[in-house]
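Two complexes come next, and they have one chain in common, chain A, joined by chain B in the first and chain C in the second.
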Partner chain A sequence: MTLFLKPRTIATAARILVIDDGITMRLFYRTVLEAAGFVVEEATNGLEGYEKVLARPFDLLIVDINMPKMDGLSMLRAIRRDGATMGVPAVTISTESKDSDTLKAYQAGANYYLVKPVTPETLVEVAHLMAGVPA
Partner chain B sequence: MGLVKGNVPDDGLGRDPAVCPLQPKLLADLASDDPGPRRAAARALAAYPEAATALCNRLEIEPAPSVRAMILTTLIKIQNPAIAARLAALLRSDDVPLRTAVIEALQEMPDSAALHLRTLLNDPDSDVRIFAVNILGALRHADVPGWLAELIREEPHINVCAAAVDALAEIGDSEALADLDTLRARFASETFMSFAIDTATRRIRGQ
Partner chain C sequence: MTTPLLVRFVSEARDLLQAAATCLLRLEKSPDDEAAINEVFRAVHTLKGSVGLFDFPAFTKLVHAGEDLLSAVRAGQLALSSELVDLLLDALDQVSAWVDSIDAIGALPDGADGVSRDITARLRTALPQDLEAGAAVVPLRAEILSSIEWLPAVPAAERLAALRAALSGADILALEYLPAEDCFFSGEDPAALFRQVPGLLALAMEPRRDWPAAEALDPYCCLLRFRALTTASRAEIEHLFRYVIEQVALTAVAPHLLAVAETGLSPAVASILDGQRVILELPAGDDLPSRLTSVARTVENVLHAAGQETTDWREAVRATETSGDTAPLLAVLARLLDARPEVKVDAAAKGLAAAEGSVLSSPDLRHASRVLKVDQAKIDSLMNLIGELVVSKNSLPFLARRAEEVYGSREMSREIKDLFAVVDRLAQEMQAAIMAVRMLPVSEVFERFPRLVRDIARKLGKRIDLVIEGEDTAADKTIVEMLGDPLLHIIRNALDHGIETPDEREAQGKPVEARVLLKAFQEGDQVVIEVSDDGRGIDPVKIRAAAVAKGVIDAERAAGLTDQDAVNLVFLPGFSTAGQVSDLSGRGVGMDVVVSTVEKANGSVSLSSVKGEGTTVRLSLPLSMAVTRVMMVEAGGGMLFGIPMDHIAETVRIPRDSIRHIKQSEAFVLRDTIVPLLRLDTLLGLERNVWFGDPTEEDAVLVVRIGNTLTGLVVDHFREGMDIILKPFDGILAGLPNYSGTALLGDGRVLLVLNLKELL
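Moving on, here comes the complex of A and B:
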């Protein structure tokens, strides 16, 4: 299993907030993204994620959709309504693969939509693209 | 000894439902144009189990998050298998906030929800099966690790299995290790599944 892709040093590492209620999923994203040079923080639901986004800037959000307390789409809508946070790029990653699910995510404010399970290669590639960091 | 008022449910107007039957006004308020009366009615109806159907009907169309939350709080208080069945049907809703609130509500009524889990775990929609695993994993019932292990032997969808592995990482025991190894072989080309199984195995072994 190759999780450690393109190890690199980034002068100012991009900061990514991973918001997912699955403990294994958060650990997977963190392991892959940190190995690629990103700084990763975690939130376990949309409410905690929203509070972290309000508290400090991030270069990218990776957001699950189905979460307790506040789902990912509600969190994205709240972030997009706030002038201070509306510009942060967000990738939703969900088990749901129907076109209507993708459309709802984009309508809520997602910039990109991935369907689980995501490979490390795809995760790192999309993170570089969406965080504005050259691979 | 002085008289102490116990936790006698009332209809929000101080009346004991044992001597005061369900008032039509409460049901009318539940359909009010104003969310304030709807929320108050949803709260008061906790004293009337016979209002469960009306509350479930309202939940399906209720747009106000605070009223939805109160209806679900009341349904959790009343909880019975019929309510769990109505809520389980909402797992197929396209309304994401409603669906996630329903998952949390079903987790709060384990005895009633458990009766429907086998049906949900066999639902043709893999997303519904994932929600069922999420409910199952939160039930904290002694048999849950065994049910999850049984599920990963047969379940064909990787994301349903991944949800079960995630739950086993938190509540699984050594009896699940052989099934996790078998699952790893079944999804040998999936990096995430290998990672998830490694994580669950380490946690179960206390590493």
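Moving on, here comes the complex of A and C:
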């Protein structure tokens, strides 16, 4: 039996999962990140995000904190407990800007913390850096 | 005559004047309300700025004087007394009148100059003398750092350009300018200043501290910090910034400073790396492996993306893998971050979020400010167009039927029907959307009452606290707009007749300050407005006497009325017109006007009163009057008429021989009640159907309710009910009282909608 293997694309675009319950925020992330050449998938809450992360690998997670069903920090803790997914870089983006909030996010497994509102430039720069794709 | 700019000015001026008046009243109550004084000041200040675009010197002078006065109040140099509020309100009234005049004739009325001089002089005399001399409030000198520690933050490209200029012999100046927070009020334009700076190499306009939340953001307060590199000479800069020189720091930049900063990491890279350092230093439990994995991957990604060497890092990761000790990782991070030790994780994160780009480019704020001011007429015409669309789409089913019956194409018919379903849905959504646009908060009308109540109360020598609740309740604009006059009547009545004088109140053991509650809320598809007071209430005995005296009802009937019914006598037209009722301890002025206005909008009025405790008037109005539901009936041999559903109590069929004849008129018995019977044909002067005397034949009778009376209306046939957009008659036809208007039917016919109140 012969298998026809598709040649792998050389430069695969980095895949980003955006987990945010706000439809406007998701659209903002998608528009900005797709324009910068990323492949963007969305999840509307932590549970959905967790399921998507388990289903296939991502290069970066952009995580809202306050969400229904499962909040962003609980989702990160779950993801970090799983051997296959525990290393994926994650940025939380939230309106809370206190140092204690940042530390809480780091403790839950975030690698970086941005405060809303985030400008498109910042978002793209951080995405490039954390997903390891030179701009 | 009127330009779009002038039109915009008139509408803005009205808003500003209203805002100023509202805040002044708030201030009078609580003189320490800093937000209120700032808002009044801002409103008047903005008005001054706008009117300056036009040639209305009288207007400008008056507003200017008002601004000076408010400025003194704001600075705490002048206490805001009731007299001062009166003075300012008078000035605002005058300005309002001028705005009306500008709106009507595009100019100020004759004699405006004299009026302006008078009021301006009065305002000026209220000013403390030293202020009048024009001593300006000197802004505090802003704190200026003369160091240039911000140099590394200048983008590499611009820093390189500066370096090139420096190496070719130019002197580079670093310029930091912290404008005073109130600089916009002293006519400064910091951004424009920088546009004039010669030889500008780099310019960063940044917030000097974190932007406040959008709702707390004060757009008139300058929070910016300007940092620039320029080849201009010190003298040039000092001349350019001569008026604000104390807010400017100038430092000569040595070329090596420009070069040194270049090898450092970008702020974002440094900030992310520092984040990883913080994460590694956190006390760890069993989550250490996952933490190490994600940090290892993140740092590697960041270094890779930033074009930095990753070998050191990889080695450190391998070392940590075998030893489980994070020290090698931290060492590498420390070495990388050493170039920029001042970067703190939270500061950098916040800086990234807030400082990059102006705040206006952030999506949240851009969204918040997107409010359109649209001429009402445009919305109205949009509404009419959608109304016509709703109607014309109704012709598609007719077309479908024709396609099948006349042209024999069932296929075509089905396609048309499918299309109809789509158009129908879209039309309905459009209609709902435009109705939402037309919804206004009742605060539009409520706003003027604090002022009114204050003025009347002062005139009557009464003390009244007006409490407004639910001013956010929204209703269609036609409803909100018609509310003004009835509410004015009701509130005036309450103040004039309902509320006792302070002495009387004290004698009765009531609080001296009376309370009037103006409350709006939504109840089902109705918006309810209640005006209640804690005054003396209505005395049914006196009302009965007055009604009899005015000949509204006879003494016998008056005696038979319950107290509640007696109180409701004030709604009768004859009750309030003649003689005036101010000697009466209740209400009555123009209550019939209130009722008729509210009923015109399909609303209702009710009143309840307890003697000695107060009165509540309640207006219930539909949320929207754009769509009317009517029942179609046939009369006059095939002519269609619409009857508003609100009036229809029921439909019955009665055998012709059970109709009673009383003298000339007819009546029938409906569940033990005798209901007068009228024939629509006769009422409209149409030809009557001939009856050949078959007693089993039945008449179709529509039982309608006007006020509290039932009437039977004989029609030829009942037809279906439908939603229509009622178009009132205009022109010469508007004089026809029997019809409230027309509506277009799906098949192109015109439906006449009856005005039953006039007809019966």
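Just so it is clear, the second predicted complex is superposed on the first by the 125 of 135 C-alpha atoms of A that agree within 3 Å, B and C clash if a C-alpha of one lies under 4 Å from a C-alpha of the other, contacts with A are read in each partner's own complex, and residues count from 1 in each chain.
Note that in this section contacts are C-beta pairs under 8 Å (C-beta built on N, C-alpha and C of every residue); 3 or more make two chains touch, one makes a residue touch a chain.
Note that the structure is a prediction, hence the values are computed from the model and not measured.
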Counting residues of chain A in contact, which comes out ahead: chain B or chain C? C
Between chain B and chain C, whom does A:52 touch in the aligned arrangement: first, second, both, or neither? neither
Which partner chains sit in contact with A:117 here, chain B, chain C, both or neither? Use first/second/both/neither. both
In the overlaid three-chain picture, which partner chain does A:107 touch, first (chain B) or second (chain C), both, or neither? second
Is A:89 contacted by the first partner chain B, the second partner chain C, both or neither? second
Output check: A:66 vs chain B and chain C. Expected answer is one of first, second, both, neither. What do you get? first
State whether A:23 touches chain B only (first), chain C only (second), both chains, or neither. first
After superposition on the shared chain, which partner residues are touched by A:15: those of chain B (first), chain C (second), both, or neither? neither
Go through the superposed model and pick first if A:74 touches only chain B, second if only chain C, both, or neither. first
Of all the chain A residues, which ones make contact with chain B and with chain C? 24, 28, 116-120
Looking at the complex, which residues from chain B come into contact with chain A? 94, 96-97, 99-100, 103-104, 126-127, 130-131, 134, 158-159, 162-163, 165-166, 169-170, 190-196, 199-200
Sort out for me which residues of chain C touch chain A in the complex. 210, 266, 268-269, 271-272, 275-276, 278-279, 282, 287, 289-291, 293-298, 300-302, 304-307, 345-346, 349-350, 352-354, 356-357, 361-365, 367
In the complex formed with chain B, which residues of chain A make contact? 1-3, 22-25, 27-28, 31, 65-68, 71-74, 95-96, 100, 104, 116-120
Chain C-touching residues of chain A, taken from the complex the two chains share: 24, 28, 59, 77, 80-81, 86-90, 97, 99, 102-103, 106-107, 109, 111-122, 125-126, 128-135
